[in-house]
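Naming follows writing order (A, B, C and D), and every chain is counted from residue 1.
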Amino acid sequence: MKLHYYPGCTLKEKTTNLDESTYAAMKMLGYELVEPENWTCCGAEFPLNEEKIVGLAAPARILRQVEMEGGDKVVTACAFCFNVLKQTHIALLNDPLKQKRINAYLKDDIRIDPVTKERTTDFPEYRGDVQVLHLLEFIQKEIGYEKVRSLIRRDLGNLRAAPYYGCRLLRPKGETGIDEPDDPSIFEEFLESIGIGVVDFPFKQECCGSYLSVSLPDAASEVSYRILRSAKLNGADMVVLSCPLCYYNLDRRQDRIREKFLEFTGMPVLFFTQILAWALGVEAEILGLDQHFFDPRPVLGITDKAEVAS
Amino acid sequence: MRTILKLGKQEHRFIDRISELSGENVYSCYQCGRCSAGCPMAFEMDILPNQLIRLVQLGEEEALIASKTLFICASCFTCQSRCPKGINIANVAEAIRYLAEPKGKDHFGPDEVPAELADELP
Amino acid sequence: MNGNGKKKRIGVFVCHCGVNIAGVVDVERVAKALEGYSGVSFSTHYIYMCSEPGQNMILETIREEKLDSIIVAACSPTLHEKTFQSVIELAGLNPYQVEIANIREQDSWVHSDKEKATLKAIKIVKSMVEKVLQNESLEPIRVGVTRRALVIGAGISGIQSALDIADHGYEVLLVEKNPSIGGHMIQLSETFPTLDCSQCIMTPKMVEASRHPNIRILTYHEVESISGYVGNFKVKIRKKPRFVDPDKCTMCADCEDVCPQIVSDEFNMGLSFRKAIYLPFPQAVPGTYTLDIENCLGLLPIRCGKCKEVCEPDAINYDDQETVFEEEVGAVVVSTGYDLYDLNHLGEFGGEKYEDVINGLEFERILSASGPTGGEVRRPSDGKVPKNVVFIQCCGSRDPENHNPYCSKICCMYTSKHAMLYKHHVPDGNATVFYIDVRTGGKNFEEFYQRTIDEDQVLYVRGKVSKVYKEGDKIIVWGVDTLTGRKIEMEADLVVLAMSMVQTDGVNELLKKLRISSDANGWLSEAHPKLRPVESLNAGFYLAGCAHGPKDIPETVSQASAAVAKVGDLFAQEQLLHEPTVVPVDEDLCSGCGICVTICPYSARELDKEKGVVKVNEVLCEGCGACAAACPSGAAQQRNQTDDQIFSMVRAILRG
Amino acid sequence: MFEPQIMCFLCKWCTYAGADLAGTSRMKYDPSGINLRVMCSSRIDLQHILYAFRQGADGVFIGGCHPGDCHYVEGNYKTLRRSILFAKMLEDLGISRKRFRLEWISAAEGRKFVQAMNDFTAQIAELGPLNLDKMTLNNQKDFSHE
């Protein structure tokens, strides 16, 4: 089955492991992912300000492209992109005036084909009909946990994973979130369906430090550490998440966390699609597990290349 | 510290401008402090999120523009999800930053990102 | 013409009110202008109509001129309509044959142009003549009163109401859904602001209620439906099977001892266990065991049947059945109390995940001398004495965005009490209260709160908590002190949440059937927020206690007694008199469209399916006239304000 | 000068009492309106309004209790809903909707009643006479009762 998938720039450049594992997992689940043609960056941050409404044009263009290609929904694996696209979708849906203003930009689009140098103009407006789904939601609503369960090939029953939502899957509270901001369960349900043990920990919805790892690295480390520590205290073998920024702060920056908090010994951090693909029997090489700061392979039982397929 | 409280035209214009830019009704904050209690970055801030809103209510534009908090807020929306009055402080902070920009108060420009981080940062 | 087709003889009496009217309106001219106007056979003016000589003049004129109806052109009807009604009654006429033409408040006092005011007065008087011409003589609708009350819910409000009604000398049915009366108050430890032991002041009342000859207590019963109208209700009551005969049960506890089924104890807020056959608490009224069929293994001897075997007095009857019976009452007091907001709404506090994060009622049980910890403050998880207790106010209250917008009113006080009592039990412990405001608007409440800080050294921190979670053995609380501008993180052994009060489950469904409205938050609505606070808009229903909104015990008891005073008003009447200016139906004209049925706010109209016309319960009709305006076929005509009357009045006003 | 005739239907509990209050407070207002007391504003129906216009009214005024204050729970909401319809139907019949007004005036709002009367009278004076009575006099229903 074909399905529109918006990867976002980070997944193509930096966290290719999230992108590749998404492709691999979805293939196992019977989906062929289709990226909207000529997709651009979503802007990475939803404009929080009425004056910066132009910022909606980029994500709206992506949705329009999906619409042009006849799609009625688009999934993302990145929590950040999901959040921007979903907020854009809702903002345009609820505010006809905004939709009009943005469409004024979209109509003036010009595209020049890099090869033929052909100019395309006269683009249609975005009608607002594209449903934005995070992959976790797509699995819950459209694939169904039963189906996932039936396709599991590796037994992860002896492992315990802490689902980390972070901010962008749940907040701002309201239509944008995929679950209750302070009592979510969709990630847990997902993990249960792939047969891994689930750890409930109170920091699952806390912020990872976001971009403050640039401006206030120490503060960000502290915030990240609290999350990892809480997961560990509650018996997690790994943290599972869906946001590249959270991944950056929680995994890639574990060096800094260790410097600051000497008692911290490290914690594997995986994208949910990696653990899904692994459970579905995808080979380890495809999953980009070697890109992680804290190598998750030992905890998954991957020693060298000797994979245990069941 | 002393504030000579004067809610004149200028102050109201400022408060209304912030409300308009952010889409939040800053008048409705009743200073429960819940935003600050749950804010993950509060420990780094010079003024707490609830104080940020308070200063808007007092029309203290300058104190706000001078505050570090504006650039520490991580836009995590924890405050928004728990505020009894549904106020989104990240939006308010963004609105103040917007007003501060022409005054040259951007805290951390992209060129200041260390090169080794720039490669990896999403 | 009047209803009988006879010509009317109308008298017009124009009042000067000294110069109040006559100074602006030419009263003589008014009286003149009415002479000979349709149906008017006499017209005069006089200086003070309401004075004794004025009244006498009217009386004599009626007799001499053989008048059958009169118009008094004077002040507003609100002032003297009653006066002149008595005058014509003295003359042997029906009070509905007098109409007041308001030429003072709505004419002479508000205009200064004499000519215009006079012309206006003439039109006003003529319009009233047109009305009285078609007025019917009416008798008030009389209905009897059943002097017997139903009280729903037997907490302190219901018990107080029942006792007061019974002391007035009337019979009361006190219906309680639980196995015992007592409500929440019997669960409390000590009560602010005086710290009396709740059981000590409550138990005597419960016993008194059970012994009062005028009170019939129906515990383990529920009201199924109520029909009828004020003074004459029919109530269907459902008796739930208790499987134990209260008259035979000696409370020997033998059954309890052998029962293998252990379930969580509601009375102790789940902090202890009970058996499937149980006594809810030692002072329960009625003093009898109850077999909880939901949790019983099954009554068949093959499944269990142990309790019946050991019961010496043979009080247990496995064949007990649910029954529904009907009773007649004249008034209903609704005193169904409150529930606490569910902890699960607060995910950021862990919902119900953490055993040591509890609500106020659980803490009451922990503090109670007869509670699950025997009156020692021990925390639920491991029975340790907590050394750091954090109290969090306004949980689920004052939060229009996520929870309930209202203030629950009592939690500031009970939190203060909790902190104080905790310090009495654990003097070396720390009590910290997180609050937004401390509201102590009751007699001696502020003094009580100040004692909590002055003498018991409880620390009040101003700021609303945002997160409570567990780390190992410790509970961590994230708050803020808005007074110093510091974010606060602290460890606690026990956290007590002042959960919002909410309407009792199921009450609104019941009351919707009774047409008692509730506000946006689910609390029952009073007839007027200031002037009729204990009556429902629906006549015959009275409100007492927390069913109407959050309240403490003193207020609950005052409201209960006030409601009973209103019940007394009702029962003191020989017969209920009802305004007859209602809207009946002309069956010949009625098409049975049913429009009026949906319009009527009092359900006074009902479609008679067989006859295809509407039936009107004149006792329920309040005479608003909304149905008359809506009826497409003119079948609904308001007595003494028919469409024809309105038309003729309009004509007189505009052409008169 | 044109002196309008205004037919006022006032609810007994609120607006009629408000008009009384204007009287006891000795406020002065234009005498063009004459009041008819009904139990509730919801007693008034389109036919009453049309009849008034046919009998020569230049304006029709309905006064009721503020929303939420109705003595009969929700009568004024019914009036409100109906009056929207009335206004539309009047327009259809060629009568400006400005000649019809619904106001919520409580028993405490004597001043508001005075303002409403002056205001409405001025508005009608501006519109000029309606003269509907002259146009339709012949086919008018006869309510004489001699």
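A few points about this structure:
The criterion applied here is as follows: contacts are C-beta pairs under 8 Å (C-beta built on N, C-alpha and C of every residue); 3 or more make two chains touch, one makes a residue touch a chain.
Since we're looking at a predicted model, the values are computed, not measured.
Nearest to the common centre of all protein CA atoms is the CA centroid of chain C.
Note: the chain lying farthest from chain B is D, by mean C-alpha position. Mean C-alpha positions place chain A and chain B at a centre distance of 28 Å. Distance between chain centres (mean CA atoms), chain B to chain D: 53 Å. Centre-to-centre separation between chain A and chain D, using Cα means, comes to 64 Å.
Centres computed as Cα averages put chain C at a distance of 36 Å from chain D.
Multi-chain contact residues of chain A (touching two or more other chains) are listed as 181-182.
Across the assembly, chain D contributes no residue that touches 2 or more other chains.
The set of chain B residues that touch two or more partner chains comprises 43, 78, 82. Chains that are in contact with each other form these pairs: A-B, A-C, B-C, C-D.
By the touch criterion given at the top, residues 348, 394, 398-403, 436, 462-467, 478-482, 485-488 of chain C touch chain B in their complex. Contact residues on chain B toward chain C in their complex (touch as defined above): 30-39, 42-43, 47-48, 50-51, 78, 82-86. The touching residues of chain D, when paired with chain C in their complex, are 5, 7, 17, 19-20, 22-24, 26-29, 31, 34-40, 42-45, 47-48, 51-52, 55-57, 71-75, 78, 82, 114, 141, 143-146.
On chain C, the positions that touch chain D within their shared complex are 1, 38, 76-78, 102, 104-107, 109-113, 116-117, 120, 123-124, 127, 133-134, 517, 537, 581, 599, 601-602, 622-626, 628-630, 638, 641, 643-644, 646-651, 653-655.
In the complex of the two chains, the chain C residues touching chain A come out as 344, 346-348, 350-351, 353, 467, 469-472.
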